[in-house]
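The two complexes that follow have chain A in common; it is paired with chain B in the first and with chain C in the second.
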Partner chain A sequence: MKVLTSPSLWIVLLVVLAVALIPMIANLPALREELFVLLMLIILASSVNIIMGYTGYVSFGHIVFFGIGGYTGFFLVQTLQMHVALAALIGGGVASLIAFLMGMPVLRLRGAYFALATIGINEAFRTLVTNIDQLGGAVGMLLQFSVYDAYGGAKEASQLAYYGIILVALLTITASFMIKKSKFGLALMAIREDQDTAMVLGIDPARAKVMTYAISAFFPALAGALFFFKNGNIEPGPAFELHRSIEALVMVMLGGFGTVTGPIIGAFVYERLRGFLITDPTFSNAHLVISGALLLIIVLFVTAGVIGWLRQQSPVLRRYLE
Partner chain B sequence: MSKFPRLLWIGVLLTALILTACAAPTAAPTSAPPTKAPAPTTAPVAATSAPAAATKAPEATKPPAAATKPPVAAKKLLIGFTASQTGAQQVASKKQVEGLQLWLDDVAKAGGIKLKDGTVYMPEMKFYDDESKTDRVQALYAKLINEDKADFLLSPYSSGLARAAAVVGEQNGKVMITAGAADDVTMEQGFKNTFQLYTPASRYLTGAADMLMKIDPTAKKIAIVYEKDAFSTSVANALKPYAESKGLNVVMFEGYDTGATDFSPFINKISATNPDAILGGGHFADGTTFAKQLYEKKIPVRFVSLLVAPPEPTFKDIGDAAQYIIGPSQWEPQVTYSAESAKAANIPYYGVSVKAFTDAYVAKYKDTPSYHSAGGYAQGLILQKAIEDADSVDPAKIVAALDKMNLMTFYGVVKFSTDAKTHGKQTAHDMVYMQWQKDSAGKLITNIVWPLEAKSADGQLRK
Partner chain C sequence: MNFEVLIASSIDGLTLGFVFGLMAMGLTLIFGVMKVINLGHGPFIVMGMFAVLVLSQNLGINPYVALPIVIVLGLVTGIVTYFVAVHRVINAPELTTLLATFSVNMMLIGALTILFTTSPRGLSLELPSFRAGTITVLGTRVVAVLIASLVTGALYAFLYRTHTGKSIRAVANNRAAAELMGINSSWILALSFGIGTVLAMVAGSLLATLFGFTVLSGGGLETKSFVIVVLGGLGNPTGALLGGIIIGLLESITTIFMPVSYVPVFEFVVFILILLFRPNGILGAR
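Our next item is the complex of A and B:
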């Protein structure tokens, strides 16, 4: 566990934790709500980065795990009155298991075929959930308000969900860092660069990719369970919203593909940019167009993203910015 | 590409990103309503309150002391909500905000909301764009409550968004009046401070079944074809047992995906089951397409009632396919709610007349008001009445006043459930059913055809 003593990791974790705790210390509930969304985006982007950045597999439909975790957690909290922390963990486990099982056939596909397959999986789950009456069907489910009483009230439940999302964000960042710095991570990057050569070197790509896919599914599922618990209701549309996946990809590309800090910076900049674009009368109807154009510019000119570019500029930054 | 232009591009991009990120305020969303001239500031209000009071009979009877004192500066009453300025709900949401704006104008003209002790409250609205997405709604409502210090909340448009908003409102003990949120389940969570104006979804098409049996007593078989989204599924799930309890045979009960554009498989099945009536639909785009394809394929069904799409004025753009289509509506400009009908029902009437609302709306927006517009105005009106009844803006007193409320307005009868489990759910407001018919000149017009006591023309069966 030598990687856990790395100052790079601790700097990132402490910065994220310090920012995340501001609304709790200063008692700013509105900022807390905003940071909840931001931390959720960091989790989504970092998770996408684990499969995309390290392995080179573009998962367009990664939001499916957010939805699966959300539905599993919500169902358990609603029907079995299970504690949200346990329900979220089970949601994460279910999402990882599904990713493992789906990954075995799907990760044999390469390039655009894999990307298309992930979109298909997301749509298939959305339709499946829409047709399961026990999960509320198209209407979705609404949490009985009295459920929050077990947490000391709705306000306290919301705070608990916030602490939960901070913890999940820190865990996601740590997992991303540990994978990158491990032998396993090196194997993934070898697969990313040239799968056939990696196989010659003795790496089992199928096993490594499936493991990575399962790990990357775990964290969005936890975020989904916490988000919908706090939200109080869940519907198939918002749970499996494809464009949220695409936004996560933009964040990864913006911040730095294959880096640990990149998705965090990407999520932060993207969220701020989106906040500006949607409220600016000139751009409000075109913020996704601008996001698309931004992605195009990054892909064409700044392929390494903000963090990747900074790392290229100086050896000192390279040492501390992962 | 040489290194220099590449670096230049990178520099431009980074500068733009940093500048844009810095330009974004911490909370990001808009704070100024984009609609023209929202609530006036306190100064002009104080100046205008005196003449306004003079024109109103009840105010004229106030103690003369008030007249000798200088005009009381109105206190600001901030009403916060989110609106969908972008995304799927933007059309209906815009109409709702327009209705609310008209109410604000009317209150400003009347000099504010006056309490018995002479305190005057001047409502102002503050809203943010929720992009029609639930993930933004809670953050924005938290901001409205905690940073903007909104006194009262109104709901966003659509059941899904209102659900998310109501949770935050309840967490913070804020009174919220919902419009554009007809979902039943939302109001069965034991909320304490949330009050629903719309007739719940479960009653959207039950009246259509009653109407069918009245105007076509031979009808026995019905097909229910609906969009598989939260609202339409709630409506269909409530309609099926109701229709069966009335002796109708539901020969087809099928849902289609949101965004469906080809209804051929459903229409083929309809042909095979040969129903007397089709009920269902979903939202505007799919409802319009469904009606058009039913017409093109010459399906010999005598009665068609669809959700949401028919009450929109642009439904007539599908031409003859619109004729005979019936739509449930929360409100139509032809409704006959008045002080007289309120008296007959032994309940008080409050606020503007239907005609005054419709005329003012047409004058301001050059467009016919839809039920979404009426819902927006009614949100404000009901809040105003609650403040007047409570003679206070204290949330607990407002909740008590809303619980007691049972009155008629231009929008219809309003009464909320006081049962603990369904607290705040609308219990008295009725749907009206409109039908596209042709006038003597062959022009498509809408008429209210149900309930009978509100009808402006007889319902017609398709030929």
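Our next item is the complex of A and C:
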């Protein structure tokens, strides 16, 4: 694998890892909680970017896979006392399988129709889970505290979840990079630019798109399983929250559509900005208005996002900044 | 099964369906003319609710008399929104317009939350209700249907009988050709966005006379509008009205057969199936 020796990838991975390890070395639990959310957002944004940035299919309801992974993982940990790592992997597998099966018909739709269908899928799952009593229905499920004993206590379980989310974030970034640099990635970008021409060139768009959709469903599901395991409870509302899905799209746009580092930068900037606006006394009331206005400015004037804009500035950056 | 229950819930669903149809027409008109899915639709509906609340409670105007003011407000809001958020990206890929209208959504919800907080509101409105045996139809429902039909009729008269309305249909059909015929397409697009907003706000005002509401009521109504619009065919106002009535009836009648909480599951599954197998809606050609 030649792409795995690329310095561009390793620098990004090392920076993310170094930042993620700060709270563990300096023993700062509050910062750890913040970074957990940030890493989760990086995973969500990078996964959305894999399907949206590379193939141009706007998966509006991508959060559905976060919820599916969360519920599958939670259920397995809760009822079968399964280890969270295994439960998360199964959650990821289930999400990928669902993405694969649904992707076959849904990815035939183009443009706005696809975006609407993904919203419908998310809402269908949310309302369905609300009705399943085995999954706790509308009130959700609460993890028995004794479950954490298997990991040496609640504190250790929370640390384990944190290491898990670091690992998933690094894997997501690596997958995003490898796809972009592979022949498969080139095929996806050909589909994005012109699906009919790509078909003439011998690409099977249906197969490529379904595979990408399944891959992009895997990582949010892992993140969901870890997140709800750490939280100790799960409800249909937060698990299938359409708003968070749209926020992930905003992060991708902010950082740079179709780039590897873009979603990471986008997640970081968005989360910091929101944190600042909510806690700052002058802005806390108007935080939605301000973030909305900023989003509009970016959408209207800086369409390439931060990384896309930097890449346009110099050929050197274009070479090393993916 | 009780026949009277069926009749009562059918009337209930039918009346609600007209208002839903009106609401969805706003969304479908904008999509039909400029291929933009307006994610600011929910906040526009909520704006209609709060406009009528402020006008009736703070200024003492009867909610129905306040409707012309709501219409003017909607037209201005829509046209301003178009020029601020949509005009620059009207030819960009759908993601861009989706996010641009979503930013409008964020700003409006943020502003409305600052002004009104998220606590539940309601209009106090007393109208005589109609009775026939055990079936009762609330007066507010009857008026809502009348107004919804009136607005729909006015919209059709405008689209088919006036020069400007014909221009809107021409731009929807083929913008480049319409421009070649000397139609100022920017203005027509802005006007269409304004009319779409008016429809959403009027529907919001009517819903406010029927139910309680909060600043956040728009989210659910927006997804409902998506379902209705897809059912009737994206961009087809007649279809939206029909879709609204179908959803209204479905929501009231299916509750007799299945638990209320399963109705949305059913709706969204139908929504996905229609998108997959009849993307032009139930009225459209395959």
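Methods note: the second predicted complex is superposed on the first by the 311 of 322 C-alpha atoms of A that agree within 3 Å, B and C clash if a C-alpha of one lies under 4 Å from a C-alpha of the other, contacts with A are read in each partner's own complex, and residues count from 1 in each chain.
Please note the rule applied: contacts are C-beta pairs under 8 Å (C-beta built on N, C-alpha and C of every residue); 3 or more make two chains touch, one makes a residue touch a chain.
Keep in mind the model is a prediction, meaning the values are calculated, not measured.
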First (chain B), second (chain C), both or neither touched by A:272: first
Partner chain in contact with A:30 - chain B first, chain C second, else both or neither: first
Which superposed partner A:253 touches (first chain B, second chain C, both, neither): second
Touching partner for A:13 - first (chain B), second (chain C), both, neither: neither
Touching partner for A:230 - first (chain B), second (chain C), both, neither: first
Chain B versus chain C, judged by how many residues of chain A each one touches: B
Contacts of A:127 with chain B and chain C, given as first, second, both or neither: both
Which of chain B and chain C A:138 touches, first, second, both or neither: both
First, second, both or neither for A:154, with chain B first and chain C second: first
Which superposed partner A:119 touches (first chain B, second chain C, both, neither): second
Shared chain A surface residues [contacts with chain B and with chain C]: 127, 130, 138, 285, 287
Chain B - residues contacting chain A, complex: 6, 9-10, 13-14, 17, 20-21, 23-30, 34, 85-86, 128-129, 131, 133-136, 138-139, 142-143, 145-147, 160, 163-164, 166-167, 170-172, 183, 185-186, 189-191, 228-230, 232-234, 237, 255, 257-258
Contact set on chain C toward chain A in their complex: 31, 35, 37, 39, 84-85, 88-89, 92-96, 98-100, 102-111, 113-114, 219, 223, 226-227, 230, 234, 259, 261-262, 264-265, 268-269, 271-272, 275-276, 279
Chain A residues within the chain C interface of the complex: 52, 56, 58, 60, 105-106, 108-109, 111-113, 115-117, 119-121, 123-124, 127-128, 130-131, 138, 242, 246, 249-250, 253, 257, 285-293, 295-296, 299-300, 303
Chain B-touching residues of chain A, taken from the complex the two chains share: 28-34, 36-37, 40, 127, 130, 137-140, 142-146, 153-155, 158, 227, 230-233, 235, 237-238, 241, 244, 254, 268-269, 272-276, 278-279, 281, 284-285, 287, 297-298, 301-302, 306, 309
